[in-house]
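Two complexes follow with chain A in common, the first pairing it with chain B and the second with chain C.
== the complex of A and B ==
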């Protein structure tokens, strides 16, 4: 087949906009920005980056011709488009948090790497070909390793980057091994061909090995138990805007990527219940249990968020299971709204960090007096994470759980998982309330009662995230329509 | 027809919520307070309007004012379907009245950060109207949670003694209860196989294809435990006295008066008609739990209380026991009595919490041992408090009388032994109610009171406090003297449901 490069460019114009934006940020900073003060350089870099992300959003809208592109290497379906939008929104919010919140040097590099990561996420959402998928995943992952270690003044940041890199590198190796086995089994790297070939042949031990390899990498990306060990350290050590990106956009893209792989690539391999279903159920159950219980014991706010992320990953894995029958709507809605709430929470942390420390739960004490805006936003984000209506977190859970209960009935594995997840939501509520109690009820520690000034851009980003959570919670169909 | 160019139910829900949103977006304080009057009055007017026009409405499956708003989630069977039947109408009206009184009381309360306080109260009010107007089970739950969240914040921020502990405990109990009932509701949705959350459709579907007996039993048990926590069924009640003791007055009025009825309402509206076999199976255990636990044990604990607000909290837990007894009896008379009692209890307990806070403003304490002789200084307050106490005990002339009477009559057929125990509860409530009124208002003033009155001479109830109190009292008396206005629609709505239960 003769490759049509015009079509390819039209399909990938959002990613092109991001890459051009990233290069522009670096070039302008190195030429015009050298004499300016750090604050101005941050603002300029973020402005260009936001422009690039906005353009990418417009291009995504314009490239809306559905179907396979470039000989089946890319797939521009509803799932891909919706994931692209989600990733762009989350990246834009993470970027908007930057001005004034990060006290790191080299603003242009940070912003450019964020844009590279976003481009990686965006390609992950569309890739339909194992090789391109792997390249996109690596582009995103390598950028995230750099972002995690960007704050060179704190040893925790370096530790976070190293741990993230070592775990990520090993899991990438596993994934590549799994891909090569799949290629060996089917003779193709295209997902639809793989699905067809696997459907035609009997289940082999080699396929099981390949699936296990893929699931290991998935478990790492999702921070599912037992591949979760990197998460608490990275959440704790990485600079807050980087942690926001790792916890939100990376999750959305990762789940779309692996769900597509499992649903279309290997889903058909063994008829009704795919072979990976039970393994996924075990991972989900373990994540739910360990995440929620370990979060109870945390005194560090960021580690608490990390363990809650592990618990949420369990619920998202449940969404991957239900997606086989009910489509990707519930999963994407859940990951996106989770991402919004997490970006917001890290945004609040980042702004508090400007004024002082924000590591332990006690550092939140008296937040309601110090900044009602931050406290109010934190309330929305945390309640959404806890799944309280009318915020989007509730509807996400409701949709996922009711689908899970319908998937196998009340007594099937998905049903049990859903019931366990609802029960553990009550546990989760406790640690989320501890956070809110510190912010609203506990008085500030002496010496830290000063009001916190909130810069304009981060304030707008937080308000936007909170408004989106409320709007999506009240009108969930507006988002679900994008996917179905 | 109601002749209104808009849907009164939607307006009753949306008006307070819209105002709350406007306040959140930065409405100036002066305007917030002024508009808050409208925010609380609109639901009341709409509620009274629906009450007045209810019998003249065309009804489908017992529901009047039925409207359906698409949510785009038809694939899941979720749509915002609003309507009132004979069971929800009285509660909808009661929510409007109590919300109005609580709102007026809040506006005059001079609470710190009044704007935010009113905003939270308005969210609660909108949610409450939504709970009783929803025909869709999803929205029924959704609105309940919406009304629940402000409670936690209000107790945590504006609460009195032990507010941090009380807010945490309340939140954990209530959310756990809500989660359990959510499991029950989703399981019901899945098991029914009807793929709809619409209660009317579900009823129709399950009438032709009832669930198996074992499923009904299990689901009813789950719902009873979940709703039981929310309604403070013994021994899951410990959050209630603590939480009400700490809650600010308007919040306590709305929560104990209206929001708490959500669980009972859910059992009556969903549990009894959809799971009749389950209801029959669990009737005896539930009745014994309610009569021994809620009525007798909690009743005796109430007598021992020294703190006025704690006592009101415990008495509210105790009265919920009667409601469970009526549900256990399961007949039209019993369940109808419960609905009447829910309305009456909501009005009277809200009145009592309102007056208790007014008493506190004059005595600067909630400890009843330290009060006394207030009646000479504040005759209107004393008269209102005594009237509210009489209502709460269930004296004829007040709405509570009819509720309790019908429950007892229905209960006699169910089990005379339980009825005997339950009637003993009336004596208990007379003891603590009258003793509280006597301690606070009559007898010689204690040393503490003399010191306090010397420092802050107590004034009688201001009109700003009187009006909400009088609104509640008037509603109690109206239903007390004309119970037919509520019992007719209740009766019409319950008869088919009870027939199904009796046939099993």
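== the complex of A and C ==
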């Protein structure tokens, strides 16, 4: 078959827009930005990057002809398109947090690497071929390692980058090994051929090994127990906008990619419950339990967010299990709304950090008096994370839990997990409310009562994220229609 | 007689892989114990520098700047690696492929321009 490069170019035009945008950011900073102060360079870089992301969104809309592209290397279905939109929105919000809050050197490089990571996420969403998928995953991961270590003035940032890099490198090795075994079993790297071949042959020990390898890498990407150890340190040490990207867009793209791999690649073996279901259930249960319980003990706001992310990863893994029958809608809705809330929370942290320290929960004290806007946004984000109606976090949980209960009733692992997740949501509510109590009830410590100035672009990003959370919570069906 | 499990050879392989080096190391250990008792001296503990008498300490600071040159060399390396197959098939490729190649070259060239502008090519 002769590959059609024009079609390929049309299908991948969003990613091309992102890459060209990244190149433009760097070139313009090298030429026009040489004499400017850092603040102006941040603003210029972010403006170009937002333009590129917007253009990528338009191209995503225009590249709409659904179906397999380029001999089955890419799949432009509803899931891919919706994931692309989600990733672009989350990346744009993370970018908009930068001007006025970031104090790092080299603005253009930071922004360009964010765009590279976004291109990686976007390809991950469409990849239908193990090799393309791995390349996209590595592009995204390598960019994220750089972003995590970008703040050279703080040793914690370097620590975060090193830990993330080491864990990520090992998990990539596991993933490649799993992929090579899948290739050995089926003789193909294309997901639909793999599904057909695996459906035709009986389950073998080799398939189990391959699946376990893939699940290890998935567990790392999702920060699921027992592969979660990197998350608290990275969330604590990375610059806040980088942490926002790692916690949101990376999650969305990773879950779409691995869910597609598990559903279409290896889920179709002879109609019964797939072999990976039980392993995934164990990962999900462990993540739910450890994430929620460990978050109770945290005194550091960012570490608390990391453990809450681990708990949320447990719920998302439940979504991967239910997605085999009910489709990807609920999972994508949940990851996207979770991403919105985390980007927002990290945005609030970034803005507070500009005025002073924001590491411990106590640093939030008196936020209501110091900046009502930030406190109000934090309220929306944290309540959405906790799953309080009418915010989107509630509806995402409701949808996933009801699907899990319908999947096998109370007899299967999914049903039990749903019950456990509902019970642990009450635990989660406690530590989320502790965050809000610091922000709204505890008076500010003497010496830190000064009002916090909120720069314009980050403020708009926070308001947009909060408005999206409310809108998606009130009209969830209109968002779900995009996916199904 | 029923045939062994298809994965039985793996277990055998693992057992041999562990036993063989252990046996060799054990023999070496025994040999060292009985025939070459340790007699350390200043000359014996010296750093080996290809036979030349070593000068100074080996724990010195040296510039790790060269790794940047190695990384930048990769730009040309990768460029050749990918451009060669494209050049071979060039006459059969459509316009879209040309665009893709141009973006690819731009991506690599700009990396070099960036490093140049930021002064990473100067040996300080």
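Convention: the second predicted complex is superposed on the first by the 483 of 484 C-alpha atoms of A that agree within 3 Å, B and C clash if a C-alpha of one lies under 4 Å from a C-alpha of the other, contacts with A are read in each partner's own complex, and residues count from 1 in each chain.
Following the convention adopted for this analysis, a residue touches a chain if its C-beta (ideal position, glycine included) is under 8 Å from a C-beta of that chain, and two chains touch if they have at least 3 such contacts.
Since we're looking at a predicted model, the values are computed, not measured.
Contacts of A:383 after superposition: chain B is touched, whereas chain C is not reached. Residue contacts after overlaying the shared chain place A:441 against chain B, while chain C stays out of touching range. In the superposition on chain A, A:477 makes contact with chain B only, not with chain C.
Contacts of A:433 after superposition: chain B is touched, whereas chain C is not reached. By the document's definition of touching, neither partner reaches A:92: not chain B, not chain C. In the overlay built on the shared chain, the residue A:9 is in contact with chain C alone; chain B does not reach it.
Touch criterion met: A:23 reaches chain C, while chain B stays clear of it.
Within the complex formed with chain B, the chain A residues making contact are 368, 379, 383, 388-390, 394, 398-399, 401-402, 405-406, 409-410, 419, 422-423, 425-426, 429-430, 433, 436-437, 440-442, 475-478, 480-481, 484. Of all residues in chain C, only 7, 93-97, 99-100, 103, 106-107, 110, 113-114, 117 touch chain A in the complex they form.
Touching chain A in their complex are the following residues of chain B: 71-73, 75-76, 138, 141-142, 145-146, 149, 152-153, 156-157, 163-164, 167-168, 171-172, 175-176, 179, 182-183, 186-187, 189-191. Interface residues of chain A, counted against chain C in their complex, comprise 4-9, 16, 19-20, 23, 26-27, 30, 205.
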